[in-house]
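There are two complexes below, and they share chain A, which is joined by chain B in the first and by chain C in the second.
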Partner chain A sequence: MAIAEQPVEMAQRPAEMKSAKPGIDWRGRALDRAPFLVACLMLALIVAIYGSLQSGVFSLDELNLDTAAALTLMLAATGQTIVLVRGGIDLSIGGMISLGTVIAATRFTDDPSTVALWALAILALGFLIGALNGLLISLLKLQPFLVTLATWSILNGVAMIILPTDGGSVPGWWVSFGYAQLFGLTSPVWMLLALLLFWWWFRATRVGITIQATGSNEKSAFLSGVSITGVNVITYGLSGLFAAGAALFLTTQTGAGSPTIGKDYILPSVAAAVIGGVSLFGGRGHLAGTLIGAFVLTLIGNLVFVLHVSSYWQPVASGVILLLSVLASSVAEKAARGRVQ
Partner chain B sequence: MSAFLARNRLIVLAYAGMVVLLLVTALFSPGFLSVSNMRSTVVLAAFAGIVALGQTFVIIGGGIDLSVPWVLNSAAIVMALLCGGQDLPLVWVMPLLLAGGAFIGLINGVGVAQFGVPPIIMTLATNVILQGLILVLTGGSPTPSAPALIQYLSVGRIGAFPVIALIWLALTLVATLLLSKAAFGRHLYALGTSATVAEFSGVPTARTTILTYVISGLTAAFAGMLLTGYSGQAYLGMGDAYLFTSIAAVAIGGASILGGSGHYLGTVAGAMVLTILTGLLPALNLSSGALLIVYGAVILLTVSIGSETFAGLGGKMRRKEG
Partner chain C sequence: MDLVTVKGLSKRYGGIVALSEATFSARAGEVHALLGENGAGKSTFIQILSGAVRHDGGSILVDGQDYRPANPDAAQARGIAAVFQELSLIPDLSVEQNIWFRHEPRTLLRTVNRAEMRRKTLALLDKYNFPALRPDQELRRLTLAERQIVEIAKGLAKDPRILILDEATSALPAREAEWLLKLTRQLAAEGRLVIFISHRMAEVRAIADRLTIFRNGSTIAVHEANAVSDNEIVTQMIGRHLDRLYPERVATATDRIALSVKNFSSGSRLSGVDFALREGEVLGVGGLQGHGQRELFQALFGASKASGTIELWGKPVSIGNPRQALTGKDGIALVPEDRRGQGLLLTKSVRENLTLSVIKRFTENGLLSRQKEAALVKEMVDFLRIKAGTPEQLAGTLSGGNQQKVIFGKMLLTQARVLLLYDPTRGVDVGTKGEIFQLMRDLAARGYAILFHSSDMPELVHVADRVLVMRNGGVAATLEGDRISEAGILRAAMLESEAA
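Up next, the complex of A and B:
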């Protein structure tokens, strides 16, 4: 995964530029990427323990299974990563995921064209609601935390009106789409690869660079002529779009809709990003890290299972891992800052 | 008087909203303003209000506490387990659990103030860790019923007044004194306005930050024990609703989520507004889904009103970079 130059970040650190000798500052790069490297190490450790206790872990089947288990969180966390890099936070994805699953579970029929239409409608709705979040944040100068807390509540309410309890159904062919195979890899693995490809493309686009620049320093982005409102609309719109995508994928796994399921993805999506080295202060982070964070959170469940301890230890383990990785980033950040001064 | 109104515009608005809401509700359901109904509304609001007390301090200081649900739930369950329905053990169980809540707050505060962990992540982590530990401890099974004394504290009455309303009143007095009269309060507003400026002005920022989380741990644990008395039993997940409610009460009460402004008196009105809304909707024959929509709309409305005054560039976390 390309974690190459970060022109925006470099521009923010004139002191570093001055002191930089010709050639590559390997130590500085390592420090910048320490949180990401720690996440990789954690994942390797978890996979190693898991693999030594369970046979057949290093197989395509296992990869297919684990990716399917993690992909909903990964999709939700992709949107969250974009918002976090922008320097915001999106709690409304919980409402959007619930809403997406209940619309799908009540509107999808056996007819593929109806399904395609409604799936597109759900994705469009996700983008529009996210864009509305961005508009509210910009135009009324409101805090992302409170705006998205409010829209989460509203979307959750709408989902509960559409489908008061878990239920509904999606067609069987839609569910089997979640397990469709190509070259031995199931569709979730292909979607995971597509996510990485998307990020590799997106972060170098004008929009991607602008979002990162705005997250690094909103004032200088604004003074450079960036429309903060535009950035917010696109950032939160994308977050809503990915939440809608997560909802659609989730229905292939559950086969039904749930008006409450979305809340299980709000804080884990932030946690996955933070474990992967995305900074809550904006401007720093990569999707590769987030996806590894999502894998870590998902595989803890497998690990708890093969260790034959109560599954209730899973939240304890994920909390401890979250703390460890955020402490690692904080130490690395302090070291990096000390180096600059 | 007008200076007072200008300074506390949002708090006054929160109370005005509360009164309007009371009248509107009374219009749709005539029995709503009856003494018995007002009493049960205040009792319900008291639980949200007590949890939101700590949340108010944390938010004024520029942080947020996501660990309240499982601090509350842990206190409730451990209390029920240790007491086994008896009153006598409460003599040591209650102080022990209050200390436990304060200890979790201490961990949160130290993580935020000393290690620079973002509040959202720090308190989220302690929340899930507590959740897991309690699940392991109970094995997911229900716990014995609440001791009679705790039931008295949460549903009993002294004369015409519910005991818990009096407890809430006393806590409100203490919180008001702390915020308005004590040095701690001045430090807290300074810290929430700008951590950097406060630090250079000699405010003990680390100690003040840690104290807000300790207070939040204390109030969440206390509310957990009282809530066990109200429902007669401690159960898993009883605290989950209080995360949203406590933050919403603070926001409706006029505090800026960026820190540096707001008052517990506003939060009291916020807790009342949220509770009255739950009473209004059955009167209008609306579902729980509609209640969530109204909650969201009310939060959006109140923070929009406050935004002209407290608008700031950047997010909550960016402020910390100072």
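Up next, the complex of A and C:
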């Protein structure tokens, strides 16, 4: 055998390579976070304008009110953020939100245990339908856009069959959940904090990292041993779960069910994420950005109201802000790339 | 006893036989080279070993026990890790996250234990004297060579008993490649089996104990490395005598200047480059890596901003983007460094790849002429001898050498006559390398002007008519005739005093 006739020489460390400069790459980090910083700036600007036009904006009451107004979108956008980071998109959340509200509005009774049971059932249904989305996307190798467009339509139809028009009701004690207070903060604010806590934890888990990695480069993830089907099932399942959560919260605000209300959250959920710096190409984004984006979109509504202009200006302003955000991230992206090559 | 024994291994992709009755055996503690042309079945073989692909027939024994991994995880559980040429890294994760991906140390909350991960990363990088890397840097900020090194770290992080290195040196500069070769010996000395794939004969010679040669999906021969000559190996790899790797250098350059560049600068990496490329000439661009070669090619093709004057066929031109470079007849075309990322659409067919950028050439009155397209495609496939089942075969399923040929075809169809070839033989097998060099000389004889960079110095020495040696973003010397040699290039690249 001819193994190692020459004495084994320890591999010596070659000279430093070019990216290995010591210290923290502050400029690179700032560029990475540019879209998020731009979103923060926008929010600050909107709050400043709003505050100068309206008294009492800088108060706990205002925070409680605005968070309650934004939280349905925030819950839906949390699921959407996970899907976008995976590199997909979920349109079916619109159907799931509608279906969730009509099931709650037709099944909830005054009996708390019945309500708890049905609430859990709605959440489980959300996860299952989402998981089914993920399974269809993987097994049939279909575009997420098309699969979730189809399930949106199906869920919407089922919601219509259960409750053809807005109506039904949920018990009063359930509605009071929506403004229950603890330490001066209402339940929506606590839920917002819970969402942030969830994200802080989730994105550092192996599941969270795997979802991000699969969105960043699916082939590499596969070669590293990731089950792409498993990732899709969990990603879309979570999105469905959060959509169901959004539906439940929405019933505390409206007190009723609506078979059509879900569609109002589909594109805004994507817009909130994009404004907050989540990449539509997957792999990059944080929930904090999405939540800021959701606040921006919600406060635009307030602003339009206090400016006494037609409410149709709201979508116009939302669109302009969306464009500005996309522009900001694209500029930052180019600057970051220019530094590398 | 052998650590790995493979018998009768077979794998088909549709109608294409990738492996048929291949055998292989290797011991713990050896560096075992796997040689073969592109398309010989090496890639399929290591994909099966590493769990990325499942075999159709035959048996694999690892430690005397049946081995049939369902996925890369199962392979890793049996102590087998692969360092892929087609990297398995995640652009948006940091260096350390990539190294430990899916094997991260965790806290009680099931989140990644960052401190522990950093500690393990530094320990690993230190143990094997890795080139300096910043563990917290995002992968997409790294160069190709640095990514390759991260991929190696990722393989080693699993502490594998069998490590597969697939063309791991091809993306590395000389010093890092040398480090890897020593590391490979060190790993074997630790009792691991290293399966080493490289197209560089000198490297195989330097470190392999034994070598197995594949051809057309079957095992042709197994040799003790010190008992076989280069010629025998090459003959067995290609199944015929390869008279010469390098074609005869016939002077075909005319006096007509195809491309003249003056005071050409771009960014901080390229400053004040002057040269003239003549019709029918192959002009080599050499020097140590990272001295502006990449930037020169990018800037000439209009892919990055530059200043200075460019004259194309005697006329001043400004090239702001690749479209302007390619415009009209006699323009400039580039064969890029990263053919998978920049040159080729892997999920499109050979035909689509060839004709995508030249749709105008077979459009009549706004309608596509499929006949004209088919004729052009056939001409190119025949001319370049692209081995594809049909023109509709997906580019991603071709071997590396054939993918490179498709890129050449795409470039030739644009009717550009100034060709920028950036490392066109990287990761290409020896038979196809010879074909590519011959093709370059043929094109030069037809009046093409070729600017040619290679990270493999002998290629410049044997193929180019003249060689520009770059240093610190400028041209340090222009070598002609007898002065073109590896020593001459190195001297000009490293010594300040060498005059042009």
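To be clear about the criterion, the second predicted complex is superposed on the first by the 322 of 341 C-alpha atoms of A that agree within 3 Å, B and C clash if a C-alpha of one lies under 4 Å from a C-alpha of the other, contacts with A are read in each partner's own complex, and residues count from 1 in each chain.
Criterion: a contact is a pair of C-beta atoms (placed from the backbone, for glycine too) under 8 Å apart; a residue touches a chain by one contact, two chains touch by 3 or more.
All of these numbers come straight from a predicted model, not from anything done at the bench.
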{"item": "Touched partner set for A:274, first chain B, second chain C, both or neither", "value": "first"}
{"item": "First (chain B), second (chain C), both or neither touched by A:284", "value": "second"}
{"item": "First, second, both or neither for A:157, with chain B first and chain C second", "value": "first"}
{"item": "First, second, both or neither for A:226, with chain B first and chain C second", "value": "second"}
{"item": "Touched partner set for A:315, first chain B, second chain C, both or neither", "value": "first"}
{"item": "First, second, both or neither for A:323, with chain B first and chain C second", "value": "first"}
{"item": "Which of chain B and chain C A:206 touches, first, second, both or neither", "value": "second"}
{"item": "Which of chain B and chain C A:146 touches, first, second, both or neither", "value": "first"}
{"item": "Set intersection of chain A contacts, chain C complex versus chain B complex", "value": "219"}
{"item": "Contact footprint of chain B on chain A as seen in their complex", "value": "87-89, 136, 140-147, 149-161, 164, 218-219, 259, 267, 270-271, 274, 280-282, 310, 312-320, 322-323, 326-327, 330, 333-334"}
{"item": "Footprint of chain A on chain B - complex, ascending", "value": "64, 66, 111, 115-118, 120-122, 124-129, 131-133, 135-136, 139-140, 244, 247-248, 251, 256-258, 287-297, 299-300, 303-304, 307-308, 311-318, 320-321"}
{"item": "Chain C - residues contacting chain A, complex", "value": "27, 29-30, 51-52, 71-73, 76, 84, 86-93, 97, 101-102, 104, 106, 109-112, 128-134, 136-138, 140-143, 145-146, 149, 175-176, 178-180, 182-183, 185-186, 188-189, 209-210, 224-227, 290, 298, 304"}
{"item": "Of chain A, residues touching chain C in the complex", "value": "1-5, 8-22, 24-25, 28, 32, 201, 204-206, 209-210, 212-213, 215-217, 219-227, 283-284, 336, 339-341"}
